[in-house]
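For reference, the structures are reproduced in the following blocks.
Both of the next two complexes hold subunit A, though its partner changes from subunit B to subunit C.
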Partner chain A sequence: MNGRITRRLAAALAFVALAAPALAQQDPDPIAGLDPASRHAVEALLDSARAEGLPTQPLISKTQEGVSKHAPGKLIASVVRTVFLSLREARTTLGPLATRDELTAAAGALQAGIPSAAIADLRDARRGKPVTVPLVVLADLVTRGVPRDTASRAILQLWAGGAGDADFLGLWRGVEQDIVSGAAPADALLTRAREIPVRLPPSKIP
Partner chain B sequence: MTDSERDPYVEWIAQEARRPVDLGGDARARLLAAIRRTPVPARPRHPFGWLLAPRPVAMSPLVGAALAAGLVGIGVLFGVSTNRRDGRAPTEQPTAVAAKAQLPVHDTIHEVKFVVVAPQASHVALVGDFNNWNPSATPMTRTPTGGTWSVSVHLDPGRHVYAYVVDGKQWMADPSAPLAPEDGFGVPNSVVLVNRGAAL
Partner chain C sequence: MPAPKLKAAVIALGLVQLVPQREAAAQLVSRIEAGAIVTSAPGTVPANAFSLTPDLRYEGGPLRIAARGSAWLDGQAWQVADGYLTAALSSPTRYHLRAEAIGDLSRAFYDRETRNDQIDAQARVHLVFSQRGGMWLSSGIARPWRVAVVSSVDMAGAGAWTQVGGATLTGTYTNFSFTRIASAHDSAGNAESCTARNLSGVAAQVAGNDCLRQSRFSDVQGTVHFEKGFFEVSAQTGYRFGADYDVTPDSRRWASATATVWLSQVVAAVVGGGRQPANPARGLPARNYANFGLMFSPWPAMTSGNVPVDLRASAMHDFDVDQAGASLQRVQVQISGVQSVELMGDFTGWETVAMARRGRDLWEALLPIAPGVHQINVRVDGGKWQPPPGTPAMHDGFNGDVGILVIH
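== the complex of A and B ==
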């Protein structure tokens, strides 16, 4: 009797031991749907990101976005590489203490064409303050047609003047409304930027 | 107290008790036969009685190894089940402190409501980095009044990128949210910022 029970128990646990790897592999493959060559390229980028301490989630997400949009594998690998390079440049610009959100926001700004020097100016203007929201709004403004230099200067001036996240989100909403109403993007930004009060003394504004 | 001082009745009982009793030569055989005739008491029938009853267990090294491997397998499965499925490592927790202004934000449950107007659509889905860009993961619901579609999802604090898929084929950014730059797939996405605390 004892022997029979022990054998049954051992058989059940042995089954679990053998099935565990197969069951573990049923976890969805985060970059499924890529052809072998593109998959190899994306996996290499993921490995590089891990090795450099960069977040891998934006790369995985970009891959999934491309697969979901039925983009060709070659294009997906190319876009993921662009994101990887942007993240790397963002890390160099913002430094090792930058958060994941700051890095992805800075990467987005870089992809929008904002020069890394402008991002470094934002970081230096208020060291220790998260620059995620100013970077997100900056990338949006450029994407909507505001010239890069105009947008970079305006956002830097507001940021250095003590503007907060709510100010930037309000600015973005106002500019977006004005553009939809027919205003030129640069004019919309400059008009709305003047409405935001400066909170720092003029001597501290660059 | 000596024997002569005992009660005579007690003395008589003691003598009787000391006297050998003749059980006969087949007493042992009769006793064993009587035991064999006695029915074995039935064990209480409990569905898990065989599991709960204590018993010594002897096993070979092979069976012991199988048991150990099984326990390790259970541990592997448990570990797999507790990992995140979106590819985000535990150390990659988002840390941004912004929030999309018009979205409801709570301290502990970050439920964000997405709303889009698409009166001609027959199906609208929300896709983003929070659902692996899967168009079938988060379908939106048409409001009873007409062409507005909405869905509420729980998001981690931080920056999220998303879009809407109309009728399974048309991708569109959220007109009421900041844009993420277009980076090669043809259509820009939107950005939502979720705070840990108050809405901005």
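== the complex of A and C ==
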């Protein structure tokens, strides 16, 4: 009797153990782990993003990040709302043709305190060129303590002068190194920015 | 295996499977040691041998498999000697608790006459207090083969670990209980009572032509592991509790130590020695040993400790991402003196991925990362999530920062 029960129990557990992952894979929930109230708030933001043609992946990603970092549900919903509003403003600033990467980078820059006018200036300086990396570097520099006007102006000048992604990433590394070595963030940026050559002929610089 | 143990094992494995598992990239690591080993035991001639010891480990999500074997040059021929194959299935940590089911297949080889194999299974429940300490309880059963004096072995134990500075201290208590089998005949073939055969006077049962006697003993062992820069040292000492019938005098106390000096990222010199206690459950006597040699680690195995410590990711001095095939990116970080490095980002769905050790200080993960802008965090030894060095960063909104990774 005991042997039969044991075998049935083993068979049932084996079935459930094998079937559970497969069943779980059929219906992946990208925002699992949120409490009902926060989940409702995030789902409403996702619906709004879809309705406005904004990418939903950055919102889902921010939710997953918050869950993985064990942030409270209320905070996660609040941060996702900030990302949503930033994406909306970024799209207004960069226009409907902006890529998802550009929107994400611009949203990050807006969250770092960069005014939308500075982002629009970058877009206008070299229309048609992806402005992703300059925005990423700009957001980081402001986060590190470079005054936002100084950072915006320096990045705009380099961008308008034809600087490429490698130039901006190299600039960022140099500034980071100088700040770690004790330099004032603004001084570090201005010093390193002078090392980057102007790549466009003067006639092409707006 | 008795029915209750079967039930317990089935339920434990079922529970481990039912707990949701986090995805993690599978990692493979290996190393090989080459050197000389010298052993001696009372009543035997000391043996010297040249040994080759390959070591292979695989970790993928909740599954961990490790295989290690050694081959000795015995006279003019190679002899397959000690080795083991271990598989462990682990649940995620929930409320400071983690369950683990472990199965082992091992071979012990002392000389041509003294060798045997054993299969064992055990379940462990780990309690992690913090990043610097924890404990576990374990229970299991072992079945040795080719051993005439033992039936099966029940094992139960507990352990605790803590991190003090750069050292990891571990203490274990393990109780062994098994049935010895002895012939009920003397050397001349005359039948004797089991009581007469049992010199200690402890009652024994008669089973056919055999005398059965329950034996038990307990081991208390302390281990310290310390590593600093290119130098590692591990030392252990123990004491065995039990009746004189079960514990021979030469196995009451033991101690051993191993030192490893890394000469480069992939080559280390290893020297060690000490005393190993007898293993009555496997019929193996106590022995002294010394070994020295070189360890080659093209993909070095993880160090033996698995203890998280609180280190900052900023201690990393290099971070690099490059193309590794059509759809994969190779993510590498360099950091010394740590036990684990993990990363997560939008490209992993913010699921934690363990990086594999690929050199003395080099950690690596192969991941499918599409071109574009990604967010990434890394952490060392279970510490705080931080942006990797060499990447622009921004606030994550959760009182931390996140790195920005641009893949072209």
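Just so we're on the same page, the second predicted complex is superposed on the first by the 174 of 206 C-alpha atoms of A that agree within 3 Å, B and C clash if a C-alpha of one lies under 4 Å from a C-alpha of the other, contacts with A are read in each partner's own complex, and residues count from 1 in each chain.
The definition used in the following text is that a contact is a pair of C-beta atoms (placed from the backbone, for glycine too) under 8 Å apart; a residue touches a chain by one contact, two chains touch by 3 or more.
This structure is a prediction, so every number in the text was calculated from the model and none was measured.
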Which of the two, subunit B or subunit C, is in touch with more residues of subunit A? B
I'd like to know which partner A:T56 touches here: subunit B for first, subunit C for second, both or neither. first
I'd like to know which partner A:G170 touches here: subunit B for first, subunit C for second, both or neither. first
Scan A:T104 for contacts with subunit B and subunit C and give back first, second, both or neither. both
Touching A:W159 in the superposition: subunit B (first), subunit C (second), both, neither? neither
May I ask you to decide whether A:F84 touches subunit B, subunit C, both, or neither, giving the answer as first, second, both or neither? neither
Please write out, lowest number first, the residues of subunit A touched by both subunit B and subunit C across the two complexes. 2-3, 6, 9-10, 13-14, 16-18, 20-21, 24, 30, 57, 61-62, 64-69, 71, 75, 78-79, 82-83, 100-101, 104-105, 108, 111-112, 132-133, 136-137, 139-140, 143, 165, 169, 172-173
List of subunit A residues in touch with subunit B within their complex: 1-3, 5-7, 9-21, 23-24, 27-28, 30, 55-58, 60-62, 64-69, 71, 75, 78-79, 82-83, 99-102, 104-105, 108-109, 111-113, 130, 132-133, 136-137, 139-140, 142-144, 165-166, 169-170, 172-173
Show me the residue ranges of subunit C that touch subunit A in the complex, using the header's touch definition. 3, 6-7, 10-11, 13-14, 17-18, 20-21, 344, 346, 349-352, 372-373, 375, 385, 390, 392-398, 400-402, 404, 406, 408
Complex contacts: residues of subunit A adjacent to subunit C: 2-3, 6, 9-10, 13-14, 16-18, 20-21, 24, 30, 57, 61-62, 64-69, 71, 75-76, 78-79, 82-83, 100-101, 104-105, 108, 111-112, 132-133, 136-137, 139-140, 143, 165, 169, 172-173
Mind listing the subunit B positions that touch subunit A in their complex? 50, 55-59, 63, 66-67, 69-74, 76-77, 80, 83, 85-89, 92-101, 127, 129, 132-135, 158-159, 161, 171, 178-189, 191, 193, 200
